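Heads up, the thing below is written out as structure tokens.
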Amino acid sequence: MTPLNTDARLKILPPDERVGYAVIGLGDLTSQELYPAFHLSGQSRLAALVSGDRDKATQQARQLGLRDDDVYTYDELERLKDRPDVQAVFIVLPNAQHREFTERAAAIGKHVLCEKPLSVSVQDAQAMVDACQNAGVLLMTAYRIQYTPHHQAARDLMRDGTLGRVKLIEATDVQVEPDEGQWRLKRDMAGGGSLLDVGLYCLNTARYLTGEEPTEVFAYTHSTPGDPRFTEVEESVSFVLRFPSGIIANSFCSYGASRQRSVRVMGEDAHLTLDPAFDYTNLRLRVGTEDAVREHLIREVDQFALELDHFSHCVLTGETPFTPGEEGLQDQVIMEAIYRSAREGRPVRLDRHEGQDVFRGTPPRPTERERS
Amino acid sequence: MTPLNTDARLKILPPDERVGYAVIGLGDLTSQELYPAFHLSGQSRLAALVSGDRDKATQQARQLGLRDDDVYTYDELERLKDRPDVQAVFIVLPNAQHREFTERAAAIGKHVLCEKPLSVSVQDAQAMVDACQNAGVLLMTAYRIQYTPHHQAARDLMRDGTLGRVKLIEATDVQVEPDEGQWRLKRDMAGGGSLLDVGLYCLNTARYLTGEEPTEVFAYTHSTPGDPRFTEVEESVSFVLRFPSGIIANSFCSYGASRQRSVRVMGEDAHLTLDPAFDYTNLRLRVGTEDAVREHLIREVDQFALELDHFSHCVLTGETPFTPGEEGLQDQVIMEAIYRSAREGRPVRLDRHEGQDVFRGTPPRPTERERS
Amino acid sequence: MTPLNTDARLKILPPDERVGYAVIGLGDLTSQELYPAFHLSGQSRLAALVSGDRDKATQQARQLGLRDDDVYTYDELERLKDRPDVQAVFIVLPNAQHREFTERAAAIGKHVLCEKPLSVSVQDAQAMVDACQNAGVLLMTAYRIQYTPHHQAARDLMRDGTLGRVKLIEATDVQVEPDEGQWRLKRDMAGGGSLLDVGLYCLNTARYLTGEEPTEVFAYTHSTPGDPRFTEVEESVSFVLRFPSGIIANSFCSYGASRQRSVRVMGEDAHLTLDPAFDYTNLRLRVGTEDAVREHLIREVDQFALELDHFSHCVLTGETPFTPGEEGLQDQVIMEAIYRSAREGRPVRLDRHEGQDVFRGTPPRPTERERS
Amino acid sequence: MTPLNTDARLKILPPDERVGYAVIGLGDLTSQELYPAFHLSGQSRLAALVSGDRDKATQQARQLGLRDDDVYTYDELERLKDRPDVQAVFIVLPNAQHREFTERAAAIGKHVLCEKPLSVSVQDAQAMVDACQNAGVLLMTAYRIQYTPHHQAARDLMRDGTLGRVKLIEATDVQVEPDEGQWRLKRDMAGGGSLLDVGLYCLNTARYLTGEEPTEVFAYTHSTPGDPRFTEVEESVSFVLRFPSGIIANSFCSYGASRQRSVRVMGEDAHLTLDPAFDYTNLRLRVGTEDAVREHLIREVDQFALELDHFSHCVLTGETPFTPGEEGLQDQVIMEAIYRSAREGRPVRLDRHEGQDVFRGTPPRPTERERS
């Protein structure tokens, strides 16, 4: 693990000059990934915890060196208005709550970094974009992979001609969701099944790597009959995207299969593999031709810290995040089309968007891609 | 490389007790793979060459230790009737010629081993099955992978419960077909593009591993606009198969992307990867869970020799080959449905076939799976 | 990256209950690895910086959220006596300074965690052990790899019989030291060449994995003639250790070869490979037999945080560290024998030590070896 | 598997123009590897079998399409004098018999290809070289790896500067010899233990890759006390070679550890790994720097066929084999020094030989290194 202290990276600011965050939602992702990420970041500071469980939050705050009055319950969110040292919130709640908390945070003038998926519907996602725009605060969809060195290197290899003309993309993200009671398996909390959680990585990565927007989608969904976990939401989705340049992307996502997270890009001169592609560490990037397979050894940096610091940099400079609300909204549009295709048993056309990266903002400063 | 001389394998017969073959078509596959395979086989003997080019054939015959009068031109095929030491033919011709030569060989009482795809249409494939049945000779589709230890081990791992319930299959076979003049790029010779050649590996492997027959297919095809290689046949196909047990199989094939040949099977307990999956040597089989990835080290045997000897064994015993004409015909049916789906932009239903391995004959004797 | 917050790991204490450290020496290791490690630890707190360069130290202190008066120059070390919140020092200085700063820290009642090698000679190392014992403070040699999950798993596999009787060990640690001016290439600062830095990993790992002490050593050293980097210290060492159980360990270390860090243990039933073995992240552990190679997927935790927290736990409980000064002293004894063997061109006998782990203290609490 | 029929390879000759061989000794290597190799060769023809067991030999001859009078007992070897179609013998007998059969074959004017090790002592090896020289026949030591594309590519990478100046070599060849009764474990048959069989691969490869001759060796041997397999010959040897250019090579061989066969070359710019290095198929060659690891995909050709055809080419042209008797003799000299070093517990000096490849003859024609 490497701190963010080299010249090519964002500057490390003294703690009191960093952007202060209130984290809303203290589940596993927060405690296992975000707390360390704040420690490893250079422009972001954890300033407050917002939770439904004051005792749990207070206990965590003490471990983190925060004061008891840095803890807020969900009801007390609006009291953050009086905390000028808290400029942003990081929403890490079940999908269905993203809209409400985004609107409430925007209403008190806080910038919003929101976990993916942005919301549970196009309608809600659009409302979130609108709320932040009207309040004059930034909204960023927390698409971690668009900020990691391995994915950035993969994107470069697609664009610098190493692969030749790209023809096909395969993206897979499957895992077992074992717990029947998990909110991710409840339609009203999650808004959908494996597609909104793991499948979104496949979709978002295909869009990120190509820089294009798909024009048509076809999908199948499947749930194992009788499996009590999949009565409200789908277990698996197979979807195919067509892009304007002719690229076809095949994707698989599932909550019912042993973990696999990979991306393969097939060009006329070479192919590129990210496997594992979506893990928090130990990503591997290989490029193969008929003569050789080359594994690029890329130094890893805490992915959440990179994501956090990009947003902090935007808060400090006023730049539009690379993955703003609009980027999350577009995936929501496509995911609704995927579900429609599966429901109606036919391909579904999408609005055509010309150009590259049409829903993205200022690119993240290139992180130095050092050797591990 | 290992000769087939252990007890668990088919017996090595003295040369004059082996099944004698006339090979029809002396292209690269014949000279680079089949000649060595005959040398390595235990029940098969190369007895005659049939070619359009008598000089080339005579030269090769001499290198192989055959006599000049073991050489026949295509016109002279029927003279093999007078060669009782030639019991079978191996057809290694462009797809569109498979029917004619199968019918002619059957008419003179020779058993037929025919390269894949069996033919260029359901109609022709059916005619080949009928011709051989009427003539009382065996017809086998040369599906090499159904006779190789790595694929057999993969199939066992699917059936013995190691993977848990299988949910998804990914199969990819892409390569660059660089030569615009290649017969594989001519519709009247090949009957189609990448699907009939490399895509058939994906289709056939998904059917072989599951033992099931797909009930529905959806497909996209794509050819790079302006590429002179793909004016008659398609460059790439993405197709999705649904199987009765709920398994979904995503496949990619292409003549326009750097070589990749892999199969991944995703079960609820583990996943299985064959990569490379369809090469002649150096196949790799791995099984992964969240705790470990296990690479099975399986001793390789010449794949073509295994295939040949299975057919010879059937000729000697009268058993039905594991991959008879009907097995090839069924793939032809599905490939026509794939093309229809792509043409009509909608899923296409297939006839339902209950049971396991409904188009297959006597399984190959288990080859000993030794360590390499 | 995983925080240390599960039950199987050391408890996360509130910051004011953690052991406070003064870090002495602010080079790359400190800024790139130790600062993040303190952030990720659960029982350790960075409380003061000791440096020869007050300005640099002050700048880093501010980035870290420390106060300006948490900064001390080397001369001011003794002022830490008045800081009861600083219970320990972490010495990250050139080897030749380890003794002086250990003695000074012990004299003011601070526990000492000292980077490896413990010192530049047996004599100095013994003096450090004595000084800490006399002062009643703990001394730990910072042997990171003895606290990492991958090495612990490797040791378990050696002891639980998975490998069968172990016969041979290969350990390699080579890298390029490009900078002629580096203190590591100066005899009076480093005390030796590649052996004391990278070669020590090979030596210490062989001792750790076997739990035994070598009884004889043979070594060659080599420096490329005319290379200005290697006028004072050796470039490469090849050394062979014999252990009482019959295990032979071959090792290579060098400052002149492209980075390779690996360990292989060969048993009668299986072999075990750690490759890379000594990196800070992305370690890989594989166990192979003739039938299969199994890669164990082990969740990584910040290695420096594990090491730090082990020492903090000892400070809080009074237990002897697993790698106390005596453990570092024993390596010093063996390294002197290695140099003597190379110098005299003959094997050198070592004192026989019966038993397992004779120089080690209380084992670290088992970290939970989770999947990555 | 690829036949040897491309322009870059040796020409495929009609069977009656190839060099005819009598194979002496029909053990597993002969039946499992050499018979197929003869089938796959282009200039070599199996013409006679010489065995102690006429029935077994006759049975194998029939399977191979040979006549009953192509079979000879050991006593009948001299009758081959009357077989002008047999120009060479391939000796595949226990080491201690190599000398006798070489001398007998030379005496009747047959060229000799002899399995490695050339013999059981320097004295016997020298006698073999002399016998063949006096009789005017060629003698080649069957050092398979000096004829394989992967090793040739490794040697090229060492010499073309890819690795930078080479510093260190590691070579390992260990396996379990389970059968107490095996002739390889009898001193009078084998002449030594693991060193003469598997250790010779390490030694010969280090010499082949560097092209240099070692000037000094140090070695330890070890046999597990009480293991009945190792009462006559040693189980394991660790040996270190010093080369004139400063390269140090560490090697391990054993009959008591789970199979591992690898070579690693460490240069200042890159390292090279062959792993597995000595298997008959599926060799892997990788070159790594700090930025990337590149696996070279090299098309494999039957290794024994390459070796055979090199010797046949020499028989037909009169050229000196690349690995003549002198090459095998030099390894015998070094192996005796290794044993002496272990016995006397001190390094042993070797005669200095300046120049490159001083014991080698005409290089094999470059095989085309195609992609697999």
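Letters A, B, C and D name the chains as they come in the text, with residue numbers starting at 1 for each one.
In this text, contacts are C-beta pairs under 8 Å (C-beta built on N, C-alpha and C of every residue); 3 or more make two chains touch, one makes a residue touch a chain.
The model shown is predicted, which means the values in this text are computed figures rather than measured ones.
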So the chain most remote from chain D by C-alpha centre is A
The chain pair with the larger count of contacting C-beta pairs, comparing A-D against A-C, is A-C
Distance in whole angstrom between the CA centres of chain A and chain D is 57
Per the C-alpha means, the centres of chain A and chain C lie apart by a whole-Å value of 38
The positions of chain C in contact with two or more other chains are 290
Within the complex, chain C is touched by chain B residues 290-297, 371
Seen from chain D, its contact residues with chain C in the complex are 163-165, 167-168, 170, 172, 174, 176, 218, 220, 222, 224-225, 235-236, 238, 240, 242, 246, 248, 250, 252, 254, 256-260, 264, 266-271, 288-290, 345-347
As the complex stands, chain C meets chain A at residues 1-3, 5, 12-15, 31-33, 35-36, 39-40, 42, 62-63, 65, 279-282, 300, 302, 372
